[in-house]
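Both complexes shown next keep chain A, but they swap its partner, so chain B is in the first and chain C is in the second.
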Partner chain A sequence: MITRQFGSEVRWMLRRPRTLIGLFGLILVPIIISFGIWSAGEGDGGPGLGAILNGNGMVVPIFTLFLSLNLLLPLVASIWAADGLAGEAQHGTLRGLLVAPVSRVRLLFVKLFGLTAMSLFAVTLMAVVGIIAGTAFLGTNGMMTLSGTTLSTAEGFLRIAFFILLVTFQMVAIGAVALAVSSTTEHPLVVQAATMTTIIVFQVLGQFPSLDWLHPFLITTGFPGLIDVMRDPIPLGQIWDSTLLAGCYMLIGTGLAAMRLITKDS
Partner chain B sequence: MNKRKVTLAAAAAGVLTGAAGISLLAMPAGAGQPPSLPDIAPEKLVEQVLTSKPGAFGGTVEVDNKLGLPAIGEIPQLADGKHSARIWTDGNGKLRLALPNGQSEQTIVDDGSTTWSWNSQNNEVTKSEHKADKEVKPENEQKAIDPATAAKEIVNQTKEFSDISVDGTARVANRAAYELVLTPKASEKTLIREVRIAVDSELKMPLRVAVLTNGTAEPAGTVGFSQINVGPQDSKLFEFTPPANAKVTTPEAKEQKQRHEPELGLEQALNGKDPQIFGTGWDSVVGAKIPAEAMTHVPAEAQGLVDRFTKKVSGSWGSGKLFTTKVATILIADDGRVVAGAVPEQVLFDTIGQVK
Partner chain C sequence: MTTSTSAPVTTGHKTAVAARTKGLRKEYGSTVAVDRVDLELPEGAVLGMLGPNGSGKTTTIRMLLGLVRPTQGEIELLGKPLPDGAEHALPHVGALVEGPGFHPFLSGRENLIRCAAFEPLLPKKQIKQAVEDALERVGLAQAAHRRYRGYSLGMKQRLGLAAALLVPRKLVVLDEPTNGLDPAGTREIRKIIADLHEQGSTVLVSSHLLSEVEATCTHVAVLHRGTVVAQGELTELLQAGGSALQVITPDVETALSALRTAKISARPLGEGLRVELAGTSAPQVIETLVKAGVGVYEATRWKTGLEELFARLTEAEEAERGMSAVDTLDGGPR
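What follows is the complex of A and B.
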């Protein structure tokens, strides 16, 4: 029963034209990055991961996701969360769902599942396109890490898979909070605006050293630490902290959304 | 209706758990209860530290630096703030160091016969074969970062000029440790109030070194393990193969390339003209004379850097520039004489006349 609802939710999301356009936009990112690095040629690729991209196409998916996590992926997650509840309320279809003899908590979990499945799909799609584009433009010889070691292709795929999971988790955490906002309004744009404003404000706050007491509370503080996936051996400390922080955001978002849905008049 | 209340309560509990979780994550990890260990005489502990051979271990070293040093491009780890490094050793001279710097990383691997140094920022590997007589440079870096080596050196040098005591116990990187405290004797004219070394109760290996200066409660600098696992390490960690498309150079070639960099000129001058040492113990002062040509060849930008971090001073000994940090003072006279030490500036003014 619930699997059928899960399936229909994902089908429903995939049928929206803006979802398809969004996914198409996402796969352009790794292609543009690979092309850009390729046409820039040799030389210092810049700080961080950019510096080791030359001749190292397997890093492109990780570089792409790492960059996109700052703005693009939260935006995508917020769109899906906005459509999930606020969008349905706007079309009047949420009313039907709320009065149906289906538990409202179950409704929320169906929405969360749709969000998770679509996030995983989008992130995996970007990674796969990244692997193909990176290998095509930049070539590959296993995967070179930030520590200067070279991993075999199989190990490289494992790292990419691990990073896909980590990024999806962050995305779903943001989406869960966006769902909580989504449950309070009938305007999907409000949800997107609120989520993106929060993410941007968090990142600005993260720039001020004088606010360092505040930084551990911001979900965006956990993003840069995920780069540790590209170190060898992987230090799990920061990755674990970021994931726990995202988990807390997920709990808060889901809890607030559930409270709102339960008390909502149909 | 009742079921609805239960779900509502569960949802509220979820929100509270999440909020509590974030607050817990944001709190700095507590030091935990100090362990109770059998008493030990400080001299005995020092002796055990000096004779112990740290075996194989791997761990993360945190450096908390409040020395007040300016950021230098070459070694960002020296700048004020918190830095971490990962270290692995097999206990027989093989070593791996990983120094993250933002999203880049510097890796130093010593496989017993060759030292490899890799920098992800410029995709460059520096390879230096060990020479029998000359110490290789990365070992200096190793000393600075590895608490084991750092503390042994301190204990060795200061035994006769300091009071040594054991001040309770501490838990460092989840291991029980004695707090060994070195206090300079009252006759020593030094900036340093005390040096606290947390010594592992089992391995007798220093786990943390903290330097406290006069007039501050917080340590000016702390180097210590935040995580350590003792035991044999994966032997693959002590091998290094340069990545396929990396530039491999030797330190000699690199030095040639960097000869024009300003800071290095000063550094070479300080290293090269065998330094003279005045005094003994905590207030000993190192002096040297920079050749006149090196002084005049300082580029304008370097001069600006020097001016920004120093203050002009003068006295019966002449005039010059004074560079002050919490633990050390450096005096550069205009005629090229340089003195430095963990001492107040007055000691330097008194000493500089002896520099030849």
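What follows is the complex of A and C.
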């Protein structure tokens, strides 16, 4: 029964016109990045990761996801979370599900599953397009790391797969908090606005050294540390901290959403 | 008729019930949407739930389906207490509440398939067939491939009905099922309700269309200002309200004074008078009139329609309370 509900949820998400448009938009990002670096020619690719991009197409997927994690991927997660509960309430379909009946806790898990599956799909899609576009525009010869070493193609793929999982986890954590907001309203736009505002405000707060006591609690603080995936060997410290922080967001978001859903009048 | 808010009229016999509420109350903030609702839905009955807009019909239905938590009171649905027993009771309940709710970007058929995926009683292999059958039953088979976005109000309503009928149900709850339907559609709904009744399903229909209820229902519950003011079998309720005699006579004045002397209440009406049969009987009235020398051309038992009963139950009180009542009526949640 639950697999059938999971399947229905993912199919429903994939059938939404806005999901398809969103996915199309996401795959444009690695293509544009690859094209941009290729057309800029041999020049300086900028600091950090940008510097090793030229002639290093395998880095494009990592660079793409790393950039997108700041705004684009949270936006997509918030849209899915918004449609999941607030959108269903708005169309009156939430009533139908609850009367079927689907228990409220299970419904939340169905929604979380949909969010996770679609996030993983979107992130993987971006990575795959990134590999293809990066290789096509910039060529590749293994994967050059930030530490200066060069990994084999197979090892490069492993790094990309690891990064996909890390980014998906961050995205789902944001989505889980957005689901909690989504369970309180029937206006999807409110959910998106609230989530994006929070992400942006967190990033601004992260810029103030005087607020450094607050930084360990902001999910956005964990984003930059994920780039350690591109070092050789991988230092796990920051990656672990970021993932743990995202895990806390996920638990809190899910808990709040469950509490709200159970007592909600619909 | 003995009717008051504190002691609702209840007729009918003790039978197995499909649903029952006891002292149901729901507050939204400071507004009391529903109060002291004791509803009994006998098994196999077609219960028409009547009431003006904002009288608490939909709120009561939403509580019956476990969508809304009552502030106070108990609910029993198909023998299971709510909300804890919802998981066991609701699979046997089909519902169309507060208008149809579907995804505009999916076709009618795809919407139903999504509903079917969440029906506990529907095995995966039967989903396709169940969806086609339901579409056929509500007359949507031709339009099933079209997007819900483009459906007319009547088609949307039909799709909602199809979702309620995906699985054979013990209880079907229809909230204003004929909304937006043309006369042919209304007849079809009536037919579907009759079929359900024949198959032994219990049906709860809420409506403000009295003719609708009178034509399809075996039982009636009248809600007014958030509480049940009368419920029972339709025929009994109508009889209870219909104790009047219409007498056609040219001597209205003589007749009135004769009846007044005999302490029988009457008033002029049309070509004759209307005599209340409370505390008296038709032969007694006619005897009184004939003894007084009044020519009685015709005497007919006054047949109360549901409309009159409804008006008496909901409007009399309104007039007593004055216009202030209207505000609260409109202010309540739907």
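By definition in this document, the second predicted complex is superposed on the first by the 265 of 266 C-alpha atoms of A that agree within 3 Å, B and C clash if a C-alpha of one lies under 4 Å from a C-alpha of the other, contacts with A are read in each partner's own complex, and residues count from 1 in each chain.
In this text, contacts are C-beta pairs under 8 Å (C-beta built on N, C-alpha and C of every residue); 3 or more make two chains touch, one makes a residue touch a chain.
Values in this document were obtained by computation on a predicted structure and should not be read as measured data.
Q: Using the overlay on chain A, decide if chain B and chain C clash or can fit next to each other.
A: fit
Q: Is A:V99 contacted by the first partner chain B, the second partner chain C, both or neither?
A: The answer is second: A:V99 touches chain C but not chain B.
Q: What is the contact status of A:P235 with respect to chain B (first) and chain C (second): first, second, both, or neither?
A: first
Q: In the superposed arrangement, which partner chain does A:S8 touch: chain B (first), chain C (second), both, or neither?
A: second
Q: Contacts for A:Y249 in the overlay, against chain B (first) and chain C (second): which applies, first, second, both or neither?
A: After superposing on A, A:Y249 lies in contact with chain B but is clear of chain C.
Q: Per the contact definition in the header, classify A:G25: touching chain B only (first), chain C only (second), both, or neither.
A: In the superposed model, A:G25 contacts neither chain B nor chain C.
Q: Touch test for A:G36: chain B only (first), chain C only (second), both, or neither?
A: In the superposed model, A:G36 contacts neither chain B nor chain C.
Q: Of the two partners chain B and chain C, indicate the one touching more residues belonging to chain A.
A: B
Q: Who does A:G55 touch here: chain B (first), chain C (second), both, or neither?
A: first
Q: Figure out whether A:T263 sits in contact with chain B (first) or chain C (second), or with both, or with neither.
A: Both partners.
Q: Between chain B and chain C, report the minimum C-alpha distance in the superposition, expressed in whole angstrom.
A: 5
Q: With the touch criterion stated at the top, can you tell me which chain A residues are shared between the chain B interface and the chain C interface?
A: Common to the two interfaces on chain A: residues 263.
Q: How about chain C: which of its residues touch chain A in the complex?
A: Touching chain A from chain C are residues 62, 65-69, 86-87, 90-91, 93, 95, 97-106, 110, 113-115, 117-120, 124, 163.
Q: In the complex of these two chains, what residues of chain A are touching chain C?
A: 1, 4-5, 7-8, 11-12, 15-17, 91-103, 263, 265-266
Q: Touching chain A in the complex: which residues of chain B?
A: Against chain A, the touching part of chain B is residues 4, 7-8, 10-19, 21-23, 25-26, 60, 86, 98, 100, 102-105, 107, 116, 118, 120-123, 125, 227, 237, 240-246.
Q: Which residues of chain A touch chain B in their complex?
A: 44, 47-49, 51-52, 54-56, 105, 141, 144, 146-150, 216-217, 224, 227, 231, 233, 235, 237, 241, 244-245, 247-252, 254-256, 258-259, 262-263
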